[in-house]
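Attaching a single structure in structure tokens format; questions to follow.
Chain naming follows the written order as A, B, C and D, and within any one chain the residues start at number 1.
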Amino acid sequence: MPKVFNARALWSTESDPHRAEKIAKNYGIPNWTNDVSKVLNHPEIDAVIICSPTDRHAEQTIEAARNKKHIFCEKPLDLDLDVVNKTIMATKDAGVKLMIGFNRRFDANFLRVKRAIDHDEVGKINMVRITSRDPSPPPVSYIKSSGGLFHDMTIHDFDMARFLIGDEVDEVYAMAQSVNLDIAAAGDIDTAVVLLKFHNGVICYIENSREAAYGYDQRVEVLGSKGSVACDNKYPNQVVVSTNESVRRDLPLHFFLERYMDAYVAEMEAFIHVCTTNGASVPVGGNDGREALLLALAANKSLAENRPVKVNELRG
Amino acid sequence: MPKVFNARALWSTESDPHRAEKIAKNYGIPNWTNDVSKVLNHPEIDAVIICSPTDRHAEQTIEAARNKKHIFCEKPLDLDLDVVNKTIMATKDAGVKLMIGFNRRFDANFLRVKRAIDHDEVGKINMVRITSRDPSPPPVSYIKSSGGLFHDMTIHDFDMARFLIGDEVDEVYAMAQSVNLDIAAAGDIDTAVVLLKFHNGVICYIENSREAAYGYDQRVEVLGSKGSVACDNKYPNQVVVSTNESVRRDLPLHFFLERYMDAYVAEMEAFIHVCTTNGASVPVGGNDGREALLLALAANKSLAENRPVKVNELRG
Amino acid sequence: MPKVFNARALWSTESDPHRAEKIAKNYGIPNWTNDVSKVLNHPEIDAVIICSPTDRHAEQTIEAARNKKHIFCEKPLDLDLDVVNKTIMATKDAGVKLMIGFNRRFDANFLRVKRAIDHDEVGKINMVRITSRDPSPPPVSYIKSSGGLFHDMTIHDFDMARFLIGDEVDEVYAMAQSVNLDIAAAGDIDTAVVLLKFHNGVICYIENSREAAYGYDQRVEVLGSKGSVACDNKYPNQVVVSTNESVRRDLPLHFFLERYMDAYVAEMEAFIHVCTTNGASVPVGGNDGREALLLALAANKSLAENRPVKVNELRG
Amino acid sequence: MPKVFNARALWSTESDPHRAEKIAKNYGIPNWTNDVSKVLNHPEIDAVIICSPTDRHAEQTIEAARNKKHIFCEKPLDLDLDVVNKTIMATKDAGVKLMIGFNRRFDANFLRVKRAIDHDEVGKINMVRITSRDPSPPPVSYIKSSGGLFHDMTIHDFDMARFLIGDEVDEVYAMAQSVNLDIAAAGDIDTAVVLLKFHNGVICYIENSREAAYGYDQRVEVLGSKGSVACDNKYPNQVVVSTNESVRRDLPLHFFLERYMDAYVAEMEAFIHVCTTNGASVPVGGNDGREALLLALAANKSLAENRPVKVNELRG
């Protein structure tokens, strides 16, 4: 598998018109443009990586698909289910591959947990816990355009739940609060527990917080008939300092860039593999994006109506 | 505080009529009887410890109270709220102390978590997780007379939640399944997650399983504004064996007797302290028993009706 | 095995003439005396526990042996090899059992390490590390009468090395320094590493310090052909507090009473078992005391002459 | 600091005459050669990295120095002290920078330990332990040309000891055995403990084994007046699997390439920084190479003569 991905062209949406040029220069990318269509139509380009703002994902994916490019698109395809369905359909019609950026599936810890499940190290799964906490809340401006906690943050956990359990969700119940007054004023929540009942009976509970003072907290624990498998956070070192006050270590890796740097690389390698290998199937496809979106919609509905919500209510 | 509790008399309900005699002999207890009233009325006895089957708790507590004995009673006082209220009232009327056997409050780990909260090590609490799993399901005969998972097992976690959070619950939602077919056939559940919304906004999620292959699993984790405090299980040793296959340690302490042996001793010391010290307040009283019972009733109702249930619905 | 050891008589050497009386009263011991011979000769006594100062051990052991009592004696029997040999001989001549108080052999962690070795979990042993550090240096007055670091502190580690490796030492080399100026002034050392070459080729390195700010530090690590087995310290709880500063836990159990409380109980149970069971062999006998003493003597000689010393040089 | 080091030219000593060509092609290196002098004399080259076999290090370093190239040379410069001195002198005369490849100084764990020392987290250092074990012995052919355990393996630990303690060694004592019969037959050892007495009084004990079944084992522990700092090994994940048999995790990173991959990158970044920054001092220079070599020579002499050896005996 090639370790280096030679980009042919780069487009940047940033307001700074010189940004694409600068980056291209720095990294030796031969072409750059401020017109995204020039990338999506470029005759020498086989595949595109779409990391634009969420509201451009669907249109750019559709345009790329029509130009027969394979597509890696950051999650979510869109916040509207119909748009998502239409976009997925466009990639199918065009016969191109569509991969969604659920980076955590490529993290060494979660992959090892998945392997424990697949290799029957813990037997039949009965219960799954997903803990996902950010080190500190984003600015309220971000919160306002984020689509809300379930779309912005829990969406990764919904995908992780489906990835680990290997089934679809029947029913969703959410309980939440807003600890941060600014977030509350913006109409969002920052602390939540979401229960998922899967069709196969497995119960999954996801817990989120926008503020864990000690840093990014990303753990899962699976209870099966033969035992459990759980992963802890990653730390910058394995050093312990013992004094007359405490036995302590440094904080875990602070946020997603540090924690998932290796996962992002593995994700890109997987996309390159998919694009360059006949018959290779996409590890995280459009349907995965759609199902996670449905769970976010169901969680929002559960919270609004304070009742358990069947996912089928939202399939329309 | 006396380390040795010199029992004056012993009563045993066991079908074996020689059991009380044997135990009394072994432990040097001067009096024994097969007639419980002889203990509850004994003129030299100041306090009694009631560890009989649940359906005898209330009547024996009331009889002891009328005889002006202080009472330590294993949880629950009763499965019926009215009986519990009547029993508590009887001890109040008699002016005797009533302590309920929520042994986990005396465990070094949970006490340390509580201390971290009380000493503001983690700031204002936002979320609490309680994990409580048994090593293997009890016989179905036990299940049938247990009152069900929430009354038998979760009751301890309900008390722990109230103990740690220091507030009362507003609303309860429960999701559950029966992995074990015999337990399902007996009409009970063995795998459950219960969400508690406290009046102060704190969200607590309790997860229970009747079967954790690796042994008794008793952990809590508290997320506050300044960080988190969490406890792990207790192990019989701190030994790690590393081979070409794995880095491994022995299983955690297998069940409640091993895990809570020290807690049981501390619990008894606390009861003795309460009985022998003027003005000492009971660390876990009748009201604690009643509130935990209410939460079990609410969880059962939530499960039966598949909806969040306000605790006040059950106060009658 | 009886859990309660009913003492028949008590003698205390303390300068306070009322001390023995008080203790006897507190613990319900029927007889007490300030004359040790009354205990050692008592017709109803089968076995004695000698915890007097080191310089009384040998004479009291010999008197007890002559009176046909089994003997548990705190280490060391004496600091002089000839006296030790004579004392051991006296117990053999009398046909009584002599057990030496190397309490660490009864600690759950070290027993588990020993089991890993005996059950071939780590293969043939090649190297052993013993870490043994006190939380803080004793008063200089104690240092002066202690016999020095190797006799007072390392002696336990010498026994542990022999216990784990199951062989005798061929050669000893010691390197040391005195960090504490008062200890240096008293002619003793407080920081040392001792290397032991066993006849079977195994290398053992013991490291001692009189001052570990975080508390009592008692660990071993064994490297064998199939892997390693290591034990960590014991902690008062399994609680971790994570804030924006660190991920920390409380200090390990502070000193030997806390750390080895369970080991002392198990040690006494073992002695009672030995005294009450026909054919039961003593788990730590006079020869174990003598061999550990020889290693302390060899370490002192190595330090004095700055050269490796054969243990046989000291056997005389 | 540049993250990408654009190599101008490549030379490979491998017997395969096409090897340099292939690698150059793969990595886009414009020039390649089978004649090392063409690299060492190349007019566009400012700095060279010498990773050839040990017996070429000195001559190539000297040639590079004469051509005014900065030099990064893998350890050791040579096994002969005079040659090392002459080589260092050549780089000084030429006014070029010489950096020695002690990669462990750039490992996040050891750097964190060093930082704890430098920032006075553990007070004045009294004792240091360095554990360094390979997962399995190399082929005997390698052993024969390795210069022996102390030159090949312990040399890194000697450097680590000097790095952490920040002082020079006064005296060395080594105890060793050959567990592996082939290694014994080749006249080398595979299991050793080396004691270092530093001029400032600190005692350091290094323990090495050629065979740790569980994988590469690289730990240090420092005891200071305020406490200790210790590092554990690095693991491929933070996953724990608990079954009815054990609580286990995967093995640590297997060998030096996995364990020190990040350290090698940081080491190269440091070299580039040194070469491109006016006044930047070399983090590991020729003198560090020489002092580590002296310690290996002293350890060999100690082993041969079974006595503590003053390092000054070897300075000549």
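Just so it is clear, a residue touches a chain if its C-beta (ideal position, glycine included) is under 8 Å from a C-beta of that chain, and two chains touch if they have at least 3 such contacts.
Keep in mind the model is a prediction, meaning the values are calculated, not measured.
Peer 1: Chains touching subunit B and subunit D alike, please list them.
Peer 2: Under the touch definition, subunit B and subunit D have A, C as mutual neighbours.
Peer 1: Could you see whether A-C or C-D has the larger number of C-beta contact pairs?
Peer 2: C-D
Peer 1: Could you put a whole-Å number on the gap between the CA centroids of subunit C and subunit D?
Peer 2: 41
Peer 1: Roughly how far is subunit A from subunit C, centre to centre by C-alpha average, rounded to an integer in Å?
Peer 2: 58
Peer 1: What are the residue numbers in subunit C that touch two or more other chains?
Peer 2: 212-214, 226-228, 242-244, 250
Peer 1: Okay, in this complex, where on subunit C does subunit B touch?
Peer 2: Per the touch definition, subunit C meets subunit B at residues 108-109, 112-113, 116, 121-122, 226-234, 236-244, 250.
Peer 1: Can you name the residues of subunit D that touch subunit C in the complex?
Peer 2: Within the complex, subunit D contacts subunit C at residues 123-124, 126-127, 129, 133, 173, 175-177, 179, 191-193, 195, 197, 201-203, 205, 207, 209, 211-214, 217, 223, 225-228, 306-308.
Peer 1: Sort out for me which residues of subunit D touch subunit B in the complex.
Peer 2: 212-214, 242-252
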